[in-house]
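Shared chain: subunit A. Partners: subunit B in the first complex, subunit C in the second.
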Partner chain A sequence: MLLNKGQLTDWLNQLMQAYQVFAPIKEGDYFCFKQINSGDQATLNYTNSKVPPKEVLFPRSEKLFCYRCENDGVQLTEQIDESKKIIVGLRPCDAKSFLLLDGVFKSDKYHDPYYLTRRNNTVLVGLGCNQPASTCFCTSLGGGPFATEGLDLLLVDIGDRYVVEVLTDRGRELLAGMELPAADQEAKETARRVKEGAALSTQVNLEGLKSKLDVIFYDPIWDLIHEKCLGCAACTYTCPTCHCFDIVDEAEGNEGCRIRNWDACMFPLFTLHGSGHNPRPTGKERFRQRVMHKFKYFVDNFNAIACVGCGRCIINCPVNLDIREVLAEIQGSEVRSDKQ
Partner chain B sequence: MKNPYLPLPMRLVKNFVETEDKLIHTFTLEFLNEEDEKSFQYLPGQFAEVSVFGVGEAPFGIASSPTEPGHLKFSVAKVGVVTTTLHQLPEGTILGVRGPLGNNYPIEEFKGKNLVVIGGGFAFTTLRSLITYILHPDHRGDYGELTVIYGARNPGLLLYKDELAEWEKRSDINLICTIDRPVEGWNGRVGFVPAVTKEVAPSAENAYAVICGPPVMIKFTMPVLEELGFSPERIIMSLENRMKCGIGMCGRCNVGNKYVCKDGPVFTRAQLNQLPNEY
Partner chain C sequence: MSELTRAIQETAQKLLQNKEVELVVGFAEGSLPLRNTPCFVRQPEEAQRLVWGYGCENNLANYLRQRPEKVAVVAKGCDSRSIVELIKENQIDRNKLVVIGVPCRGMIDRKKVTRLLAGKELLEAEIRDGQVVLKGKEFSESVPLEQLLHDTCLTCQHPNPVLFDIMMGEPVPVKEADSFVDVANFEVKAPAEKRAYLIQELSRCIRCYACRQACPMCFCEECFVDCSMPQWLSKSSLNVQDNVFFQAVRALHLAGRCVDCGACDRACPMGIDLRTLTRKMVKDVQELFGYTAGVSLDQKPPLAAPINTTSPATFNQDGR
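What follows is the complex of A and B.
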């Protein structure tokens, strides 16, 4: 189907009748996903957002429940967000990240109702990447600038119009009442050329990486590889698949809330025991944990790499520590025997 | 499916100073709602997240046994914000509990086997649960000989002194308590747990060893157990790591690809041998 760019605002305004709509908007010198209250706020000519749209489903800070202590008990009020949402204009890599987060928040034994309720109530309208950034490497991880995995609709920008690829029934419902024309031959041809032209400049060789990581936990390579890392956690806070969190209470008098906040494996306090013992005491162990978690442990547990190649950790690292180089170094490194 | 973050309301009915140095208190909690008590089905070795509303929550091994209905017990060292507050709470305070969490000691596998339980310091909590469970008349017949070696720096730091005295009198448990250095009035053994284990030399024949204690005790007891012939599959340990969610999502308690909260806290030595030493 074809959507004129001029129709976008009207379409979003129409969707806002029934949904909270989240779209990329410009804030300062970067883009982020925010709830919009007018269709013209959505800015779809962007490369990617600073912070991934995962914060729509898994906010940086959210109330789990509120409580009021009474003499003979405690009143708990769950804070589950059941509103219907649409994320418009997210990139295919970020859509894929939701599929990875699903595994974390839904196990056989436990379901995280906060993430899962939002997830089930959110429709994803993707935007293909005509011009991937130099830091993008999604194709190395099975994704692509126009990958549709996890999306309900995909918009392909062909100049003055979008070719709308309908991927699910939920996606189709969003177009009800729009009476969009089918994509004509010319539009299809343009879309094909746009997709062909969206080449990625970098490839990361992941072949055999997992079996290397299986045996290099004690390898001296980690002594060097982490050295310039400051432990600032910019990589984890801007990563679409990082999901670590802290839980704290905020209270005044007899009332309060239990809140969860994003947390990061790059911080020393993350694993510090009450006794003072820390299983990951230095930057080396913490950096190793981040690499191992994404490229080995997650693969062991979910049969997928916990990286979608969005490149945010590369862009946002204050010391230019590039995960692609780290992986190349591991790949090129001679595998020594894994002894303590 | 139930919201795993919502604590069940419980009343603190006893805040008992357990050790001479006053750093360990044992808390007895009762469920406010009968249906919560019914739904809270646990086994020795499991843990729970205890909430002090307004301060936060922290994970503790459950020291009571499912054979002691009506309440839960936790023995807690005063180390951080939540535990310090907990120590000061008056009886009657309403607390919250999430759980039971994690796996349990393999009590089914233990059936028909002899058991050697080795504990050190205040890591004796879930071992108390296990021992109490096995000593219960409904269960005692399912298990063979029960040997318990329990060490502390001095007699005042042993947990559950009244119960130790009762176990001492029984013929179906061989209890060996030891302290690090001689103290006047102490008639038990003197010496570190690894050395005492070597002296007692419990047979590995048809037996499992369950060991919980400070890292240094575990480090030096391991070779003794190996020498006695306990295979890594038959040495059972319980890990502790910092936790928040307790359900495998918050990402901090992992050791390699295993989460202490949901894959543990109970692991065999053989399982731990496959994991990195990040605990």
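What follows is the complex of A and C.
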């Protein structure tokens, strides 16, 4: 189907009647996914958002429940967000990250009602990447600038119009009442050319990486590879697949809330035991954990790499510690046996 | 720049060859245009990796605290001033440090480049004759270098290292005195306006603590924001006031210690203006105590507690 760019605002305004609509908006020098209250706030002319849209489904800080201590006990109010949402204009890599997060929050042992309720109530309208950034490497991770995995609709920008690819029934419902024309031959041809032109400049070699990581836990490579890392969470907090969290009670007097906050394996506090012992005492162990979690443990647990190649960690690292270079260095390292 | 690169490489190689140091901390080529990256060299033959350029923006003093080995560091003006403060705070052993001083002509602010290119991606850059040629897909633009330097570099009064053992190249001219116009503009705002500005900026904070981690002077064993007993501020980002509180305490904690290197500001992935607060402290400390952090090893930090070590009776047993 075909959507004129001029129709976008009207369409978003229409969607807002039934949904909370999240879209990329310009904030300072960057783009972030925020809830919009008018269709014209959305800016689909962007390369990648600063913080991934994961925060729509897995907020930086969210109340799990609130409580109040009374004479005869405790009153609890669960805070499950059941509102219907749409994320418009997310990139295919970010859509793929949701499929990875699904595995974490929905397992045989535990279903996380906070994430899953939002997830089930959220429709994803993707936007293909006509010009992937030089830091993008999604194709190395099985994705692509126009990959449709996880999306309900995909918009392909062909200049003054979008070719709308309908991928699910939920996606089709969003177009109800729009009476969009079918894509003509010319539009299809332009879309095909746009897709072909969106070549990625970076490839990361992941072949054999997992089997290397399986045996290099004690390798001296970790002594050096982390050295310039500052131990901040700019990489993990702007990563669409990082999902570690901490839970705290914030109370005042007789009442308070239990709150889930993003946390990061890069912080020393993340693994600090109550006893004072820290099993990951230095930057070396913490950096190793980040690489291992994404490229080994996640593969062991979910049979998928926890990276979608969005390149945000590369752009945001204050010391230019580039994950592509880290992986290359690991790939070039001599394989040793997993013994100290 | 290539002469400085060569000089740094040769010096580093010699220091390692003669076993005068075990490690040289400097900069290598980065993976992004206009970017250099901190680099750790331990073998003389690896000294070839070291470079000097307009992307050497990180403050390398951050990597020098409590090092067991003897280290040489490539230091521009601001790095050297942080080193001075860290020596005074017993974080660096001067006897185990060799400072390779490099006069600095300022570093390029990639955020300014991003703003200038307005959505177009920078793929390649070349610097010659005071001009930066920015290249990308189907564009090439030439911009005066001065326009792209960090604000910290534009007001910097100490581009030449204040402390060094070996100096690379000739000193660069020092700019006119810093007028602190930016801080003065902030000072004249009404309290409500200041508050609104800080809240607006810090509402973007994602509490990644890149600012804290990038600062050579932020080295408390336990940061007050991480402390849970007592809990000084909430761990959640639900309340923007707590982000303001975090930055306010950070800035106050750095008063008289901050050398205005801009590392916090550069590290922030959200582009938050952190410098207004830290600069306000720099200005206040200069006005109130006549002290500029990091310019002299002998000058006592003004906010250090005036403890007379020869008369322990100053404090009673409870520490009061």
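Quick note on the criterion: the second predicted complex is superposed on the first by the 340 of 340 C-alpha atoms of A that agree within 3 Å, B and C clash if a C-alpha of one lies under 4 Å from a C-alpha of the other, contacts with A are read in each partner's own complex, and residues count from 1 in each chain.
As a convention for this text, contacts are C-beta pairs under 8 Å (C-beta built on N, C-alpha and C of every residue); 3 or more make two chains touch, one makes a residue touch a chain.
Keep in mind that this is a model prediction, so the values were computed, not measured.
Superposition model on subunit A: subunit B and subunit C are shown accommodated side by side without a clash. After overlaying the two complexes on the shared chain, residue contacts for A:Glu227 are found with subunit C alone; subunit B is out of touch. Contacts of A:Tyr30 after superposition on the shared chain: subunit C is touched, whereas subunit B is not. By the touch criterion defined above, A:Phe302 lies against neither subunit B nor subunit C after alignment on the C-alpha atoms of chain A. Contact with subunit C, but none with subunit B, is seen for A:Asn261 once the two complexes are overlaid on the shared chain. Of the two partner chains placed by superposition, subunit B and subunit C are both touched by A:Asp246.
Vertex at the C-alpha centre of subunit A, arms toward the centres of subunit B and subunit C: the angle is 90 degrees, rounded to a multiple of 10. Judged by the touch definition given at the top, the superposed model places A:Pro318 against subunit C, while subunit B stays out of reach.
Looking at the shared chain after the overlay, A:Phe217 reaches subunit B, while subunit C stays out of its contact range.
Per the superposed model, the minimal spacing between any CA atom of subunit B and any CA atom of subunit C is 5 Å. Overlap of the subunit B and subunit C interfaces on subunit A comprises residues 246, 248. Every residue of subunit B that touches subunit A in the complex is listed here, in rising order: 1, 3-7, 9, 32, 51, 53-57, 77, 79-80, 83, 94, 96, 215, 240-242, 244-245, 247-257, 262, 276-279.
Every residue of subunit C that touches subunit A in the complex is listed here, in rising order: 30-32, 35-40, 58, 62-63, 111, 114-115, 119, 121, 123, 137, 204, 206-210, 212-214, 226, 234-238, 263, 266-267, 269-271.
Note for the complex: subunit A touches subunit B at residues 64-65, 67, 69-70, 72-74, 76, 78, 80, 104-105, 107, 109-114, 217-218, 243-249, 251, 256, 258, 260, 263, 265, 270-275, 277, 279-280, 285, 289, 292-293, 296-297, 300-301, 340.
Contact residues on subunit A toward subunit C in their complex (touch as defined above): 27-30, 45-47, 50-51, 60-61, 63, 131, 133-135, 224, 227-228, 230-234, 236-238, 246, 248, 250, 259, 261-262, 264, 267, 269, 314-316, 318-322, 324-325.
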